[in-house]
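First up is the structure itself, then whatever we jot down about it.
Letters A, B, C and D mark the chains as written, and numbering starts fresh at 1 in each.
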Amino acid sequence: MKLSRRKFLKSGAAGIAMLSLPSVASADADKIKIGVIDTYSGPATIYTYGARNGFKLALSQIGYNVLGKKIEVLYRNSRYRPNIALKMAKELVLSEKVDFLVGTISSAAALAVSAYAKSVKIPFFDWIAMSGKISGADGHRYVFQIEVNTDMSGKAMALAAAKEKYKRYYIIGSDYEYGHAIAESFEKNLTGLRKDVEIIGKSWFRVGEPDFGPYINAILIKKPDAVYAATGGRDMVPFLKYVNFTGLAKKTAIFDYTATDTATTEALGDSMPDGIYGGSPYYFYYPKTNQNKMFVQSYKEQFKKWPVFTSPNGYITGNLLIKAIKLVGAVDKERIINALEGMSISSPVGKVYVRAYDHQLIAPVYVGRTKKTGKYPFATAADIVTIPGDELKIPISEVKRERGL
Amino acid sequence: MKFNRKVYILLILIAAALTAPLVLDSYSILVLSEIFVTALFALSLNLVLGYGGMLQFHQAVFLGVSAYSYSLFVLHSGSFIIGIVLGPAVAVIFGTVMGVFLVRLSGIYFGMLTIALGQLVWAVVFKWYSFTGGGNGIPSVPLPGFLSTSTERYEATLIIFLISAFALYKIVNSPFGLLLKATGQNNTRAESISVNTKVVRLTGIVLSSFFAGISGISYVIYSQSVSPDILYWKNSAEILVACLVGGIYTFAGPIVGSAVIILITTIASQYMEYIAFVLGIILLVSVLFMPDGIVGFIKKRIGDGIAANKRYQ
Amino acid sequence: MDLSIVASYLLIGISRGMFYFVLAAGLTLILGVLKIINFAHGSLYMLGAFFMYTFIGIAGQGTGAFFLSAVMAAITVGFISFIIEQMLLKHLYGKEHLMQMLLTYSLVLIFGDSVEMIWGTDYYTVAMPKLLSGSYHIFGTYISKFYLLFLISGLLTVVLLWLYMYKTKLGKIARAVATNRSMVEALGINADATFMYAFVIGGVLAGLGGAIASPAVNITSQMGDSIIIKVFLVVIVGGLGNIWGSLIAAIIFGISESFGVLIFPRFEIAFPFAIAAIVLILKPRGILSK
Amino acid sequence: MLQIKDISKSFEKFLALSNLSFDVPEGKITALIGPNGAGKSTLFNIISGHLRPEKGKIVLKNKDITGLSPHIISSLGIGRTFQIPSLFPKLTVKENIMAAYIVRNGKTFKFFGIDRKSEMAADSIIDKMNLSEVSNTPVTSCSYGVGKELEIAMAMATNPKLLLMDEPTAGIPKTEVGNIIEKIKLLCELEHITVFFTEHDISFVLSIASKIVVLNQGELIFEGVPKEAMESSDVKEIYLGKDA
């Protein structure tokens, strides 16, 4: 086969790639490296900075040092794109040789990184993404869900709604994984608790929808008793702004998980309508335990901001990891995972624990209604009801069924 | 057989690429296999863009459709070989169906239709939650046994790239290749020498979708996961940038362009935040000062060089 | 559905359509005159919103301040378009359209990140001016006053564009250039001036679009992405370069979307792409073409 | 060879051709003359299939070819050269010619290897048209004259029965015109190709054409031998103005 002379050299340019990449890390023993992948641009930042700061607080409280080993944390911005998050996870594991992976507000990214973590046997802690599949259907030995997931939060909102007198519900939500998952869980639990409840309509808007007019108008026409809004991190604020200036909140009750969370109320300021039912795994002003007061005080000191619902998740993740490493006495991943299974820890929201079977954090949810009390320049949650984690957790038989075992 | 300097260099490069896993650390190997996947994908685009003169603004559809077909088929039925064949086959079906409509248009209209059709496929894959996994895509896609280690996966992407690139090189320099180039450069003149330009352009689109389909399989081998992102138009724009930076009127341009873009983004992402900004500047400079791309620029330099010393001989 | 509900949806649909038209008009003007797709149109829309945020910060919260800031934001984006055209695009006029389009795409990448460098990665939102917050109780339902803003700016765009295209010398030349550029140059008229004006007007309209949308959306570097794909489709259906075609197409899209919430199944997001593909295949010159 | 049967064509309001009828004899050189805008190029585009007439028929050797797509008409034996050389800019001179042969030899869908036959045929035409020195240079870097000659070479490569030549001497310096005339005669006598060309320079036409067709504003003014054309008052009227 005569190789034609002229052009074929050019297609051999693969050689240019021969120069070896500046792989930084050498896996020295006296350092613990943690890789954090999350979305650090755009609207998600009000939640992702919260988790990161909680994590930093936990590590700074032990001077970034455990068992004489220095802790180094590397942050990567995956810009909400799953394939970029996966690529960064590979870079952190293969090039930086990190011992643990932490991250992601986006459920799609969490699932992708979790699958990769399983293949390289590196523990991955998901601290914001709430999809039930992370610890449920797609759960495995190397993933930990340090966040109340959609099954639990949907159930919490259903428990709160069941106490009220509303019968005709309209469901509206962001058209992606989180929106569908939490709306499904809410509907399943509520119709289970209250046989008289009826879902009179559903509609889904695109993430980043600029104009909610038609969607709110459709609700006004159907005149429901109450609306369940499954709005994710990127649509929460614009949606509630629309609810405010169309006066929808005055005409119908509204349930929206994390609507009462400080990140949301602070962003909306005085355009946050009163009386919105919201659930959140944490408020900086509730529970009124002194551990929470100390957490809030040192958080505000270090970051000049109120902690949001993701801050304790970061804090708990850090403390769980430190406690496990100290218990095991070495950076031995398999033994650390065994130590973490069933481990309980005291936290700003009281005693919480990691369920052994599916590595799901069992923590409470506090449901209240938004109210501008004037104490802060933003609304806070009023008449808060605590729903303990054990009441929210999904039976292990259900998890087994989801995993098809 | 008389080999000359250029072919020797090529053989050395291929040998070096084949033996890379012995020398380089596993992350560099991963980046290299990403380069081979992207380079093949860029070559498939350039068949219609540089040679065929068609504004294909959404080539990622064919890669995505092939990757998804393989993943969904293997998840449900498990037989890898059929999955590997199915990927490019489905890509060719999409290429043909879209091509039949695309060849009726030209220029901007052709480009806009590629975006409209491509985004239609993205929207369906993104929304068909029950079948394609919607926004989550398929986080982990099973691969055949012989591709279990990262080195095996690397060699697979390399060999797929070498064979496909060689085939594409042969096609570009074949009689059909000549007619495709002719049609791309002057459609009226091609018609007046009895070239059935619609059929030639359609064949070009179908061939390009076939090779994009192969790069879809190579992509799944490299990333082991698929998400709707790979079908989004921005993914097609990024590969268009790679082709232009490398040089769309040369064969090796897309390969060099892909290597440069991936190396820069990979290295930059370890140190800085704003990778898109870097890419934007590179594209701006290429468009304004190096429209023929890196390879085109070098070729002109060598060309002038040879012409210059000819005059002095 | 009784008449008042249909009427409420028509009103919302038309005002949404007007918003799309503000963006589509600029894009199709550039397409008609320069024969290129301005991929950076979405980034200019985003810049409009960011400048609006900055000017509102300076001008304050009053309704007058809102409109002044909107105009200022639009003009600033127009000025940026002027710089882009004169410093960058102008050098490529002789070259292939692909090069010009890739230049606009490089701006998408550059603006996306520079916005985060300048304004930071936090996200911003603009308070709704008092005059526009709340809603009217008409047609038996609540129509938010915010739509007034869309309607006014849409009508304003229609009038201004009509004046420019039919009443000014440059506008007439622009129309001539859109139909047959070589003929215009053969007559010794400098087409480049019309390119500059078309690109700047396109920028002003994109900036205005961003400014008027700012109270309703998250102002972030990704805000341009989803809306711009929709505006592309409006331009296709209206006919590339056909401003009045894009007006009709924008209203059709607005109405079909606002009714879509009630009727379309979950695949609603795929419909606009399908419509655009069909129109391109059957009537490439758009719905108004003969 | 070719019959034009009452062809009419209008662009919106402008009437380019109105029921035009004449025929082009086989084996001869026929000239189509008339002032600019008389409809010469429009007629050529209709014959070659790039435009569709509203009314009338084009018949090639008693086969109706009206409305067929350009590549089919070309494959039926109608070659074409353009007023401004329209070639494949980035391809070399040899590749331009080879393209025509590849189609002719039915090798359009040969995806691998080389078409030896087309290469040799192209080389022979290049020698015949003494273009060998520029054979491997891309057309963009060739002179205007080479472009004109390449047009003729490519036309010959398609082995046409009828060759439409749109102003073959346009842009050629006076000294070179003789060379082009020789080439056209060579095409007609040696290769037995019927030539039908447009021109607005009367003197060149008289020396070469055996039949002349004169158009003005889309209407047929005169059809016949060159000698008669010179005497016909209508022809003089268009060219020399009213008071001639």
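As a working rule, a contact is a pair of C-beta atoms (placed from the backbone, for glycine too) under 8 Å apart; a residue touches a chain by one contact, two chains touch by 3 or more.
Source: prediction; values computed, not measured.
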{"item": "Chains touching both chain C and chain D", "value": "B"}
{"item": "Chain-contact steps, minimal, separating chain C from chain A", "value": "1"}
{"item": "Of all other chains, the one whose Cα centre sits farthest from chain C", "value": "D"}
{"item": "Chains linked by the largest number of contacting C-beta pairs", "value": "A-B"}
{"item": "Innermost chain by mean C-alpha position", "value": "B"}
{"item": "Chain centre separation in whole Å, for chain D relative to chain A (CA means)", "value": "73"}
{"item": "Chain centre separation in whole Å, for chain B relative to chain A (CA means)", "value": "36"}
{"item": "Interchain centroid distance [CA atoms averaged], chain B/chain D, Å", "value": "41"}
{"item": "Inter-chain centre distance, chain B versus chain C - centres from mean C-alpha coordinates, in Å", "value": "33"}
{"item": "For chain B, residues contacting two or more additional chains", "value": "127, 173, 273"}
{"item": "Shared-contact residues (touching 2 or more other chains) in chain C", "value": "116, 225, 266, 269"}
{"item": "Listing of all chain pairs that touch each other, if any do", "value": "A-B, A-C, B-C, B-D"}
{"item": "Touching residues (chain side chain D, partner chain B) in the complex", "value": "48-50, 69-72, 74-75, 79-80, 82, 86-91, 95-96, 98-100, 102-104, 107-115, 118, 154, 157-158"}
{"item": "Contacting residues of chain B [partner chain D, same complex]", "value": "170-171, 173-179, 181-182, 185-186, 188-197, 200, 203, 207, 249"}
{"item": "Chain A - residues contacting chain B, complex", "value": "2-18, 20-24, 76-77, 81-83, 86-88, 90-91, 94-95, 107-108, 111-112, 114-116, 118-119, 131, 133, 138, 175-177, 180"}
{"item": "Of chain A, residues touching chain C in the complex", "value": "40-43, 45-46, 80, 175, 203-204, 206-208, 210-218, 220-221, 234, 237-238, 241-242, 244-248, 251, 267, 269, 271"}
{"item": "Residue ranges of chain C in contact with chain A within the complex", "value": "1, 5, 8-9, 12-13, 15-16, 19, 116, 121-123, 125, 127-128, 132-135, 141-147, 213, 215-218, 220-223, 225-227, 257-262, 266, 269"}
